[in-house]
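Down below are the structures I want you to see.
Below are two complexes that have chain A in common, paired first with chain B and then with chain C.
For the complex of A and B:
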């Protein structure tokens, strides 16, 4: 059952992604596809931070694991955090195109593991959600953090104490610091 | 990869309508789909909060969480009611869907080279293009359909039916004068009058049925069951033969409280429903729940399938379950307990006896050290704490060394 539904989603998504005015594209979802062609239970996504927020300049990769009883159970989303040892940083080579960001500085995202705390992906999940709507929800989460259930306590504290400027600047710093240059 | 691509071709989704002359059908198609499986609803049921889903889908969802997937209202399986009209509508739609899709496909071989471009246009753009490019612009779509009809004869018939009126009692067509004159009285006084199955105007002038005159009588007949009163045919297998008085009277499968059921009792229950009793208790419980979903959903279906088919489905489901990660994990655990694994552990213990002894020795020494420090400096808690930490660290560092050594 889950396989059939995933097929349908894949079909809809692949049609939507090529449209410039689809909800996926408008919400900054650049890529959403299975990791390998033969397996529908591992997906990857690439998102752009929402315009007008401090995340606007960043691009992130997500790794999605779909359980076998999907859509009864929610898929697991995780920001991809690779080690930056061998990566060329975009800040060092201003001429290179900016690639993805290796860290997600966000109150509801674990800075080390990329784990995401979002209610609709946990206790509020319903089978009416889909992979694409979940990814869109994650993009929207970037612009509307929930500091009361934080995974990144430092950033959450900045928000809780009302230091919006400090928060914005710290986020921008991290994005600059961890964005790699694309070859 | 080919398999995924292939099966993707075999699935349907509402966006197929966007590349036709009738893009608005996209919305109709989406509305007839279940929000859980994204397929056209099978045996649709309505919840207490007025949302519709496939019977099996919503039952499965509610078994995890008693909540409507759309509005998060508290919902229970007992509240579900089937929606016959919707079921018939969807049956009609899925029956004609592919033919309809074929009929309204964009006729012009538009940009076959640049397929991506065709795909990339949004709903609105494809709509405007479909109307302007494929159908000559001076010809409205309805006319196009009208033209596709077979002949003048058909036209004449439509004309006639426009002038005639239908008798509300016997559904016959006649002129208004005739109907208002004597017909109604005659009709009402004649007890044998029954509505005749006729080609009602709703069908003959219906937009979507335009292709129907082209069809052979055989196809017309195929359509009949949709309008004709339904008779449920249901192959009753054991153990339901006792409830022979028709399918509608079959009772639903009850939910079981597994906690208060011994394994023997559970097996008995499974047996009454002819469910296989192999596997662990947990497997049996899950099998019962899955069959309950299938069975109860089948009762909501317009054309229920025989129990045999359901059991076959259950069997397939069972086969799939064996491949789930949860079960492989169980398998792995079972393996661990096997003799081979025990031997492995024994060998390991023998090999690393000295390491273990050494570790124990050192741990004892450390413990003694801590104790003496504590004895000597009862009031310098900070110091002893520091020592304690140090020993802890030492031990922690010891561990990986040991692991590496293996």
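For the complex of A and C:
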């Protein structure tokens, strides 16, 4: 059942990604594909932060693990982070304009591991969600953080105390600091 | 020992009722739960009201209920709530579930604003629900977006949707989705329409029908049913062929032996039949898990029971038994006990109850039958024993106990806002403080100095030696207990062999089984008594307990040796010795428990539990 469904999703996704007005493209999903051709259970995605938010200039990679009982159980999404050393290298190198960001500064994302706290990927999951709609949901989460269930306490504190400017600036600072130029 | 020893008749209960005419206030007292409504026998947590030295024992009164009893109570509760709300049984149930089965809270909210209350559970107040049967549609042109299967003219898909929306999916996908859930909603990502219990039943029936067409479920069900009854009657016909009619046998025996033995034998027979019936009930429980609706219903019932302070699920593996707290007995009432915590902690009493399937457990701490020691000691001992083990290390490293109910919680992802599944307590994972207090700012990232007491090394070594002394004895009996229990599980088979070989009736071999059971219980008491003594400060009473414990351990070892050395085929020859030794063991066990109870009631006994 999962293979059949994943194949079907793969076909829809590859069609949608090339269309400019599809929901994937409109929401800044640049890539969504299986990691290797033979395996439908490991995927990767690349997203761009939503325009008009403090995440607008960032690009992030996501790693997606699909369980064998998908779609009964939800897939696991994780922001791809890099080692401490790479991250430090990034901050030393001159700031790149369109590189990949190695950290996700967000109240609902763990700064060290990239783990995401999003209800629809946990208790609110239903099989009617798909890989593409989940990725879109994650992009939307960037612009509408939920400070009541934080994984990044410092950022959540800023939002809760009403310091929107401080929050925006801190996020922008992190994105700049941890973005590396693509080789 | 049979369960009947612990039981009291209905009349006995009502006469006690006059003595202590007060109501218990644990949890949410409900209109629908009237103790007189059910006809189940009321039992006591300990057979005697006083010890042999006339020290009163604190006991609780309880009922051992079956699944069906509690199911009936739940139905009654739903009906009574619907009697007030007038919205339909299904809707009442969904509302009640959402309000954690707290009737008063639901009524308050509902009468205040019915439409908002309906909204909060995902129901539409003004909607007209469709008949549940009409939600199942067979469609040859349907494409299921979940499993991506497509219907055809020859092989149409059966679809289902909730009564509140029209998001259709194939029945199999819907069933998989709903299988593990207790809150039933539509699968669609935006739609939160609720699926009512009657609608689920219609889906469940549809799937059952489909399976019975395939011939799997219906055949399996019928086969296991006839098997169970054949097993039960097989016993009767079996003994009839070997020794003639059972009843005339009994009468013969009555003429030869004394009246007392006849009663014994009657008791064995009753117990045998009871056990066979239990097996049939357990089979029924397995059946119950098969259909989607009955699974849901039993989950709802367990959910409901675990929310009620006066109900406990039997902690034994897969046991469907449920015990219901009725009241404290007159002793406890006169010593001013009003709550279970007080009963167990301050008054050092242990509410050991027996479920309908003969599992003994503690009503307060849901642990094994730990006669003769009180719950706080059990808790401390178990924690101490686990301190070194791998599991304990894991639990220690990966879980934290809920600050309110002590349930171990593993955080397997997600944020730090925790809600305990058992008691709904909301807290912060980092500082374990109330979540309420976190509304404005996180204070838990501030480091707080922990004052460290320097460890006293010599003392700790001595403590360790003392602990190992008791622990080794405790562990030795625990191992033997497990071995004996394994032996006990083969007993039925062994006894059948003996019957065939020696051409004796089933009843005549019962002394053997009884002896093994008494040994098991004796060992268990002995085992716990070591844990008890570890925490008791040296005093006169401790010596008394140790003396009695010594007698019991002698009796246990002697009976154990007898059972081990006498081969099953020779047991008939040793019948008298078996009966004598098991009788001795039983009386020593009671003596030890008696002394412990006396000691616990006296102020002289000092117990030191490290906090």
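Throughout what follows, the second predicted complex is superposed on the first by the 169 of 183 C-alpha atoms of A that agree within 3 Å, B and C clash if a C-alpha of one lies under 4 Å from a C-alpha of the other, contacts with A are read in each partner's own complex, and residues count from 1 in each chain.
Methods note: a residue touches a chain if its C-beta (ideal position, glycine included) is under 8 Å from a C-beta of that chain, and two chains touch if they have at least 3 such contacts.
Note that the structure is a prediction, hence the values are computed from the model and not measured.
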item	value
Chain C versus chain B on the shared chain A, clash or fit after superposition	clash
Which superposed partner A:23 touches (first chain B, second chain C, both, neither)	neither
Contacts of A:37 with chain B and chain C, given as first, second, both or neither	first
Which superposed partner A:127 touches (first chain B, second chain C, both, neither)	both
Touching partner for A:149 - first (chain B), second (chain C), both, neither	second
Chain B versus chain C as contact partner of A:82, first or second or both or neither	neither
Partner chain(s) touched by A:10 [first = chain B, second = chain C, both, neither]	first
Partner chain(s) touched by A:164 [first = chain B, second = chain C, both, neither]	neither
Touched partner set for A:65, first chain B, second chain C, both or neither	neither
Clash with chain B, by chain C stretch, listed 146-154, 488-496, 578-586 or 596-604	146-154
Touching both chain B and chain C, residues of chain A	1, 4-5, 8, 71-72, 126-128
Of chain C, residues touching chain A in the complex	145-149, 167, 169, 173, 176-177, 185, 187-189, 413-417, 430, 440-442, 445
Partner chain A, residues of chain B touching it in the complex	1, 3-5, 7-8, 11, 13, 15, 35-39, 57, 60-61, 64-65, 67-70, 72, 116, 119-122, 324-325
Residue ranges of chain A touching chain C (in the complex, touch as defined)	1, 4-5, 8, 71-72, 108, 115, 117, 120, 122, 126-129, 133, 148-151, 153-154, 156-157, 160-161
For the chain A and chain B complex, residues of the former touching the latter	1, 4-5, 7-12, 15-16, 18-22, 34, 37-38, 40, 68, 71-73, 124, 126-128, 130
